Amino acid sequence: MAQTEGAPGMNQTAYETVIGLEVHLQFNTKSKIFCGCANTFGAEPNTVTCPVCLGLPGSLPVLNQSALEYAIKVALALNCRINPKVRFNRKNYFYPDLPKGYQISQFELPIGEDGYVELPSDTEERKIRIHRAHLEEDAGKLIHDPAQNCSLVDYNRAGTPLMEIVTEPDIRSPEEAYFYLQTLKLLLQYLDVSDCDMEKGSLRCDANISLRPQGDPQLGTKTELKNMNSFKAVRLALEHEEERQTKTLQAGKTIAQETRLWDENLQVTRPMRSKEEAHDYRYFPEPDLMPFHLKPSAIDTLRASLPASPHQTCQRLKSDYDLNAYEAGILIQDRDLVDFFEACMREYSETKKIVNWIIGPLMQETNARKKNLKDLSLSAQAFVDLIKKVENGMISNLVGKDVLKIIIDTGQNPDIIISEQGLAQISDASALEQVIQEVLAENQKTVEQIKAGKQSALGFLVGQTMKKTRGKANPKMVNELLQRRIHNG
Amino acid sequence: MISKDDVQYIAHLARIHLAPEEIDGLTNDLEAILHYINKLEKVSIDNIEPTSHVLALHNVSRQDSVQPSLNREDVMNFAATQKNGSFSVPQVIES
Amino acid sequence: MNLHHFTAHQALEKISTKQTSAKDILAALGKKIAETDSTINAYVRISETPVCPSSEASQKASQEASQKASPSQTNQLPYPVPIAIKDNICIRGHETTCSSRILKGFIAPYDATVVERLQKAGVPIHGQTNMDEFAFGSSTETSCYGPSRNPWNPDCVPGGSSGGSAAAVGAHEAIWALGSDTGGSIRQPASFCGVVGMKPTYGRVSRYGLLAFASSLDQIGPITKDVADAALLMNIIAGYDPRDSTSADIPVPDYTRSLIKDIKGLKIGIPKEYFMEGIDPEVNQAVQEALQILKNSGATIRDVSLPHTEYCVATYYIVATAEASSNLARYDGVQYGSRHYPAQPRRNALIDMYEETRTQGFGKEAKRRIMLGTYALSSGYYDAYYLRGQKVRTLIKSDFENVFCDCDALITPTSPTTAFRIGEKMNDPLAMYLSDILTISANLSGIPAISVPCGFSKAGLPIGLQIMTKAFDEETLFRVAYTYEQNTEWHKQKAPLA
């Protein structure tokens, strides 16, 4: 809900925020949607094009079967009704990145309609309805060169298969929009149909936002927001626009229906200058592509081939392994992590230990290295082996974390690492005596404090001992030995 | 039936500029043609499906396999204006 | 007999018995073109080195082709008889302009599928022929290269839009040629020029590489001196193409096996709506005489009705122009062709560029059709025009399906008149559109149709007989056409300029 304090005399109505999101998802098929050009990113301009994706005179489109299957999978994962007959339409408009002067898209018979996305929550069940999900081709890329007063067009991206996912205006806050995007992204990642990477442009988002008086069923005038390059930018743009619209309405003015661009530098939305009139897209059925009849049996086969959703996986982890919501919630953020966890569980049944090692040291490594688990060469076998060694006292917990780093860096087996680097935990009391004596001698003051009753200072001495033994001392043993020496003289 | 304003609007949609002296002639031509075409109103089309495709084909698709692309030289050799391997157009004003 | 007067099958026979060669035929054609094309203006581009594989590559291609070809086709390979093709079919490395200013300088970087097939069959392409700009027209008068002229009377049009191809074949400036047909653009000029012109079933020949006019109506087809050549050419160009989603995956029979003089028991329908007022009496007379010949050959003739005939032209001019308006949106000066800017800025530089490029690049008829098509699709008019047109099309199509339950073929005149004078219909677009009235229905319903010469007017202008059969029944089409042709001598007449 949006409300700001206004000057006296200003309208103090409480407004409800109404948001709809339009997400474009690039599929990671091998080839483009209507031609055999490679579906890649980052190539030199206009080096991955052909008569079809350039829209050259005489060229004709032929649909990529995988693009269709991916689209159906996405629509199913979004709980859409799949239309038994789908077809393509031409959306006609002029723009330099649109080589044919029309985009091949879908209009009255899209792949899926009337679906929903459940936003996971411990409290209320929130469903964001999906109005439609359809398949279309991406346009080329336009880069502006203000110095030269020109714009440059690269058609490498033209013809990339794109799924457009449009919500109903069910979202009620910028925060919820952010949450929807995160939920949607995870859902889509599980399907393996896209990189879902906003930075690379494989996931793009436009937003529509309007305000209406609380309780009013009519929708207010909406503005369309574009040019947000991250989920965070979507939230910020919506927050900014929500505030702008609130102030405008409270001042008694009306909202202009317009498209506004998010300015990342200035952190504001600004109206687009070039949108003079609404487009008349003159949709008509694409004569160069035949319609598709989607047999129920084919849909069922695709449905059966869908992997478990993040939500389903989360439930399963909680019930099968007795994980709590937090633990399961972290694991499901990466399907590979889930697989890894389950592989570990097959080797070793200490659930909590495995979960803690994954959520703790392992994820620290992936975060520090800015990599995903699948990019690291770490087997479940080696990981479990390491955990067992810590549990049975062969190495200390601290050393264990270091060994993990080395396993990831070198791929070597923990036994070899431990023996080569002499990392085995020192649990032999006689071996530790020497060091203990040194530590006590060097820290007389602390010893006096402990004797005087400050037990907490013992930790410092344990730490000193660990330092001297380069982490190898068995901390429990060190603690016991120190206590004995201090109190028994 | 079709006004000069309609004709101007349609011309803009089609990115064609009509000189003032052309508008009258074109409006008359289109008026005559549309008048003829309006004979279609006499046909009963209740419950008739439109024909978008005259061949009863469906589910025409291809395997997801990569084919060679054109060489950039072939793509650009007839380019009106180009720069650094991209096609150059007058600046598109967004905001 | 002069080399350039040969039909393709005659030339093939002479080449295979080493009495002549492709090179000799090319030389003869070149000489003929130099003599008469300044009058006829059939050609827009002659290839200095005809587009065909080198002899070594040609042999290899022929070998591969004969290995891949269906059994029915092997006895006909290779076909080193030079061909002319319409200027709307892409040839790699060659300018292809649709006789429009807006495409001047566009060098196609790829071959159309039909060009690939011609090359595989060893057929050299020696020239590109004139046409109405973007195939919009029935007279080849809207070309940016100036009108082509009828070899029977150079003050008359050769018909259109494949007027260049028809005039070239009619004047024997080409042995055979390819045209394209969207509403009669092969058949009507063939009829005006006294040659054979055939539109295949929609989907029989690949459209990949054909610059689109109306995607659901266009087909490439042969324009030849006789029916046998048309069958031969169809053998080469027809067939499934995975690059064209609208291409039919149906095997191509050997059409030369349909060249038999036997139509005994064949049921021929005469749709009464095609013989209403407006048909020239001489045309009607010639067609009646042709029907008699067919009857004498054993066919039964009966009257049939295609009740929605009167709506064909209106339906066509909605559906075809709508698709055309969209197909021509890509001609915007961004990637190829010439770009223009107005003397004074109007809106912004980009929109100005689009508008000026297209305004200067498109001719009057092209602009008219683009405007009409844009209007038919525009918001508020889509239902009344485009959608309604598509529904009437369904009715037109089912008229034919019904009639073919009891008939094997339909016979009509190809055109209501013989060739009209140059300039006669240019100021009356509707009159021009109505000259397609007899040919348009075959495109709307997707069926094959052929025009064969069936006589002359008193003024010496050719008259064409149109035969139509049901979809994918080109075999019956060729059989009827061949039987008729072989019972007459019309196809052997030579134009004054030939």
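Letters A, B and C mark the chains in the order given here, with residues in each chain numbered from 1 onward.
Everything that follows uses one rule, which is that a residue touches a chain if its C-beta (ideal position, glycine included) is under 8 Å from a C-beta of that chain, and two chains touch if they have at least 3 such contacts.
Predicted, not measured: the structure shown is a model, and the values here were computed from it.
Trainee: Mean of the CA atoms for each chain, then the mean for all of them together: which chain is nearest?
Mentor: Of the chains present, the most centrally placed is B.
Trainee: Which chain pair shares more contacting C-beta pairs: A-C, or B-C?
Mentor: Per the contact counts, B-C leads.
Trainee: Roughly how far is chain A from chain B, centre to centre by C-alpha average, rounded to an integer in Å?
Mentor: Here chain A and chain B have centroids separated by 40 Å.
Trainee: Measuring from the mean C-alpha position of chain A to the mean C-alpha position of chain C, what distance in angstrom results?
Mentor: 56
Trainee: Please report how many Å separate the Cα centroid of chain B from that of chain C, as a whole number.
Mentor: It comes to 23 Å between the two C-alpha centres.
Trainee: Quick one: which residues in chain B touch 2 or more of the other chains?
Mentor: 13, 15, 52-53, 55, 57, 60, 62, 70, 75, 81, 87, 89-93
Trainee: Give me the residue numbers in chain A that touch at least two other chains, ranges are fine.
Mentor: In chain A, the residues touching two or more other chains are 51, 54, 62-63, 94, 96, 149, 151, 153, 274, 280, 282, 287, 289-290.
Trainee: If a residue has to touch 2 or more other chains to count, which residues of chain C qualify?
Mentor: 106, 109-110, 216, 242, 245-246, 329, 332, 334-335, 348-350, 354, 374, 378, in rising order.
Trainee: Which residues of chain C touch chain B in their complex?
Mentor: Going by the criterion above, the answer is residues 105-107, 109-110, 202-203, 216, 242, 245-246, 248, 308, 310-311, 313-315, 317-318, 325, 329, 332-339, 342, 346, 348-356, 358-359, 362, 367-368, 370-372, 374-375, 378, 385, 387-395, 397, 429-430, 433, 444-446, 471.
Trainee: Contact residues on chain C for chain A in the complex?
Mentor: Chain C residues touching chain A: 89-90, 96, 98, 103, 106, 108-110, 112, 207-212, 214-216, 242-246, 322-323, 326, 328-332, 334-335, 348-350, 354, 374, 377-379, 382, 386.
Trainee: Tell me, which parts of chain B touch chain C in their complex?
Mentor: 2, 6-7, 10-11, 13-18, 26, 29-30, 32-34, 36-41, 43, 45, 48-55, 57, 60, 62, 70, 74-75, 77-81, 87, 89-93
Trainee: Okay, in this complex, where on chain A does chain C touch?
Mentor: Of all residues in chain A, those touching chain C are 51, 54-63, 90, 92, 94, 96, 99-102, 149, 151, 153, 274, 280, 282-284, 287-290.
Trainee: Can you check the complex and tell me which residues of chain A touch chain B?
Mentor: It comes out as residues 29-31, 35-38, 44-51, 54, 62-68, 87, 94-96, 142-146, 148-155, 261, 270-274, 280, 282, 285, 287, 289-293.
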